[in-house]
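Shared chain: chain A. Partners: chain B in the first complex, chain C in the second.
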Partner chain A sequence: MSTNTAMVEKYRNNFLKEVEANVEEGEWVKMCMQCGVCAGSCPLGNAWEHPPQEIFMMIRAGKREDVLTSDSMWMCTSCYNCIVRCPRELPITHIMHGLAHYAKRLGIQPKGNPTQWFSEVFWNNMMKKGRVNELKLGLSMYFKDGFVSGIKESLKNAKLGMNMQKTKRMAPMEFFGGHGVKNPGDLQKIIKKAQELEAARIEEHGK
Partner chain B sequence: MSDIVASNETIVVVGGGISGMTSALEAAECGKQVILIEKNASLGGRVAQLHKYFPKMCHPTCGMEINLQRAKRNRNLRILTMAEVTEVTGESGDYSLKVSLKPRYVNENCTACGECEKAVEAEFDDEFNYGMSKRKGAYLPHNMAYPQRFVIDANIIGTDDATKAKEACKYDAIDLDMQDEVIDLKAGAIIWATGWQPYDANKIQPYGYDRYENVITNVEFERLMDPQGPTGGKLVRPSDGKEAKNVAFIQCAGSRDRNHLRHCSRICCMASLKQSKYVRSAYPEDGKVSIYYIDIRAIDRFEDFYKSVQDDEGVTFIKSKVANIIKDKDDNPVLKGVDTEGYNRYETPYDLVVLATGMQPSVDQNAFPIDIVINQDGFIEPDESNGAIFAAGSTADALDVNRSVQHATAAALRAIQVVNKAAGTGA
Partner chain C sequence: MAKREYSYYPGCSSQKGASSSNMMKSVATMCEELDVQLNEIPDWNCCSASIGYGSGGELPRLVMSARNIALSEEHNPDQDIVATCAACWLSTREAAERFEDDENMFKEANEALAEAGMKLTNKTPIRHMAEVLIEDIGYEEIGKGVKKPLEGVKIAGYVGCQTNRPFGIDGESYENPMYLDGLVDALGGDSIPTYEKKVQCCGGALAFSEPEKSQEMIKGIIEAAYDNDADMIATPCPLCQANVEIYQDQINAKYGTKFDMPVVYYSQLISVAYGRNANDAALNGQIIKARKLEEIAAK
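After this line comes the complex of A and B, so read on.
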């Protein structure tokens, strides 16, 4: 049985309970009073299929499939406008990321979503040396859709690249190795430990 | 002021709004000795600043008039205006108070003829109109002011204006040598009725009250509609005097919000419903009202009132808390947000926007002259440990006039029980 079907079995019609138990900050969802301030405050609001207010209502209405496969939470840029204004102080941004993370864990996140892809590239890039390698990160973005469009993209953004070099935000030598933290191995150990704890926590909830 | 007699059978009432007046009159009419202490130069409180009252839509003047007649007739009631309690010590049945009195510079001879006002030149923001108009340095707080006696603004003392005022008075009513005074009082029980103040709209940053002239508060709107208000009762907008025919109300502006006031202010839904009637009667043909709300709280008997506004085709209800306000090139405030019935995005301009700001206790939590139990919202709790200090009306909770009056009557009864006991006549 996949984790997804196991969870469906376990929570049956109570998607709110499932969210409360498994999603980071999920226990806040029931506090939403549907005022709409978060939806109206999101600067990327028109790019979302479902604004946070609607996501919270959908969770309560048991629209499990629609919520977890939606790309709405993946659109959140963590600007924190909604958190600052929410009259009930819901940690909306964190709930959005929590939902996205949960969907990914269950393997039912929307496929081919660019922000999701970018998060992974960013994570892998950072984990290698403990610092983000801007040059490699930039290049992998440009070449995401193949070699030809990559060259075109790079040329389009050449000026940005030059400026970043000038302000020492990006160095061409980064291509060969690049800078990092003193002991990347230690960092990786710390992260590994955190991942183990996280896995144990999930295991515990899954019971 | 040495003629004030007070003992532990006296009831002191602090605050002369509708609640304080009610407590004071009820107790005095039961034969108790009552001293009413009001900070302003006139009684009446916030109710005097309303244009009309819900639910009957009558003018506050009539209710006030009855109370003032009762006050004038009663020999048990002493009223001190421009007075504040600075210190309270003691316990139930035996309190000592210090009261500081500010000089009015005008004595009992004043006939309210207004000659002093004509004589002076300096002008100040008129606090009765929430600073939307000016008043002179010699002034009557408002038409219904009680006592009907002028006030000389302390800021003109020592200037030519003060001398001009004194010379203009034919009744020798102006006494420029009046001084600050502090008096001591005794009391068996104290009724606290210092009331409320509007929540500071400047703190609700996304609504731009501090930036947009055509975004005003509900208390300002009451003054705007009043024939004695800053526009003579004409519904025009502040930026350019244009007729405001398309008006939006934003409910819960600063209430039910953990970033501002946590409580529901309870009266602002009814206030906006009432004010939408103002708009519709100012422009019956083409006046339009939009009310943005989370949910409408027209409690118990007010349902009918709500229904009558819903039935009006000129009034639209939009279930949404507005996210923010911007301004277009014609100075129209533009409301932005998403509605809850369909999650539709809107961006709608209006002539004028009224923020339904809530009620906040007027005395700061930490500024009470004696230890007293106050809840997290700043209202006084009924608590044994408060001894014989009783809250009345909106000092105890966000209440409308009807409920304030009921509450104030109950407070009077409690105080009477205490002083009866002190006199040895109570149980």
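After this line comes the complex of A and C, so read on.
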């Protein structure tokens, strides 16, 4: 049984309880008073299908699928405006990140959304050597829709790349190797353990 | 012996050949001048930035920072961690606070670190370089060392998001922080305290994944600098700097604007005002040349 199915069975119509148990800072969702300050404060507010206060209401109304498959949370730029302005001090940014991650964990995130894709590329890039390789990160973004469109995107951004190189803020040699921690294996072991601990906690909730 | 010593967390963009290597270099110059010794955390790793949450989740993401704090505690004991990157600072401080508030999370972080024989005590203050400048050194002392005041240079202080929220600098407002303006004034420049886009988001990591939406916001940040007759924008944040500087060509092509607005770091302002040359201030790292700073540096 997938974790997604297990959670549906376990929590039935109580999506709020599921969020409280499994989503980062999810225990705060019930505190939202629906004022909408978060929606008005969000720099990309116009790009959200459901602004945060609506997401909170939808969670309380049990609209599990609508929330988790929404691309709304993936529009968060992590500007933290909503956090500092929320009259009830909900850690809204973290809850949005938490919901986005939870959807991804369950495999039901909006697959076409570029930010969810980028977040994965970023994490994998970072985990290889313990530090981000900016050159490869940029290239993988250009090539995300395949080779042909990758070449097109690269050409579109060629001047930018030249500018970065000329000012020594991009090093072509980073493509081969690049910066990293001394022993990436040790770091990967640490993170693997952390992933196991987190997964175990969530699986336990699904039982 | 340096007057002040800190455990330094530069971050991925502040490495040789990386996007804010000009900040790294000018910070080193600035710290020489201010008698600040930065002891780099040996073997530090990425903080997972503000986009790592998607795949990283909570604990793995926080443990990335736990490793850095543990390394700092081991190698640079009793020194505050100081980050120059907004995301590095935010992630590290957020992790430290989460471990402080959540005993179970702290226990699990140590369980994970033990895989590589490491241990976190989590007693280290996590600070931003701006706090060092403003709280530990102060405007007055910074002003005293100025050899070449930035006279006649009008500077829009662009604080951005993550240097300012959710933690920010003590005593400063989230909505209208004044410390960059205070710093510009201390250096003899002309600040613009009413620069209305000083805390506007540049899109952050979404500048890569949602370029159109982000560039629309960046356009506003630059436009407001022109509206205020600014000669340049100055910022403490490496991603703000990059986002606001490097896409000006693309924005011009799309919107028919004629942007050519330099975007520099506060550390470059200090380096120049303290009499250092263009090279030490890493002015060659600007895609859009900060000519007024170059002129002062060449005097």
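By definition in this document, the second predicted complex is superposed on the first by the 202 of 207 C-alpha atoms of A that agree within 3 Å, B and C clash if a C-alpha of one lies under 4 Å from a C-alpha of the other, contacts with A are read in each partner's own complex, and residues count from 1 in each chain.
Here, contacts are C-beta pairs under 8 Å (C-beta built on N, C-alpha and C of every residue); 3 or more make two chains touch, one makes a residue touch a chain.
Since the model is a prediction, treat every value here as computed from it, not as a measurement.
Peer 1: Following the overlay on chain A, give me a clash-or-fit verdict for chain B and chain C.
Peer 2: fit
Peer 1: Thinking of the overlay built on chain A, is A:Gly40 touched by chain B (first), by chain C (second), by both, or by neither?
Peer 2: A:Gly40 sits against chain B, while chain C stays out of touch.
Peer 1: I'd like to know which partner A:Leu139 touches here: chain B for first, chain C for second, both or neither.
Peer 2: A:Leu139 sits against neither chain B nor chain C.
Peer 1: Touch check for A:Ala21: first (chain B), second (chain C), both, or neither?
Peer 2: In the superposed model, A:Ala21 contacts neither chain B nor chain C.
Peer 1: Of chain B and chain C, which one touches more residues of chain A?
Peer 2: On the superposition, C touches more of the residues of chain A.
Peer 1: So, does A:Pro51 touch the first partner chain B, the second partner chain C, both, or neither?
Peer 2: first
Peer 1: For A:Val8, using the defined touch cut-off, is the partner it touches chain B, chain C, both, or neither? Pick first, second, both or neither.
Peer 2: Neither partner.
Peer 1: Would you give the minimum C-alpha distance from chain B to chain C, in Å, for the three-chain superposition?
Peer 2: Nearest C-alpha atoms of the two chains are 5 Å apart.
Peer 1: Pick out the shared contact residues on chain A: the ones touching chain B in one complex and chain C in the other.
Peer 2: Correct list for chain A: 84-85.
Peer 1: Show me the residue ranges of chain A that touch chain B in the complex, using the header's touch definition.
Peer 2: Touch list, chain A to chain B: 33-37, 39-41, 45-46, 50-51, 53-54, 84-85, 87-89.
Peer 1: What does chain B use to touch chain A in their complex?
Peer 2: Against chain A, chain B makes touches at 206, 252, 256-260, 294, 319-324, 336-340, 343, 345.
Peer 1: Which stretch or stretches of chain A touch chain C in the complex?
Peer 2: Counting only chain A, the residues touching chain C are 24, 43-44, 47, 74-75, 77-81, 83-85, 93, 97-98, 100-101, 104-105, 114-120, 122-124, 126, 130-132, 134, 137-138, 141, 159-160, 163-164, 166-171, 173-174, 179, 181-183, 186-187, 189-195, 197-198.
Peer 1: Residue numbers of chain C touching chain A in their complex, please.
Peer 2: Residues in contact with chain A: 12-13, 15-22, 43-46, 48-60, 62-64, 67, 108-109, 111-113, 115-116, 118, 161-162, 165-166, 168, 174, 200-201, 203-206, 208-210, 213-214, 217, 242, 246-247, 249-250, 284-287.
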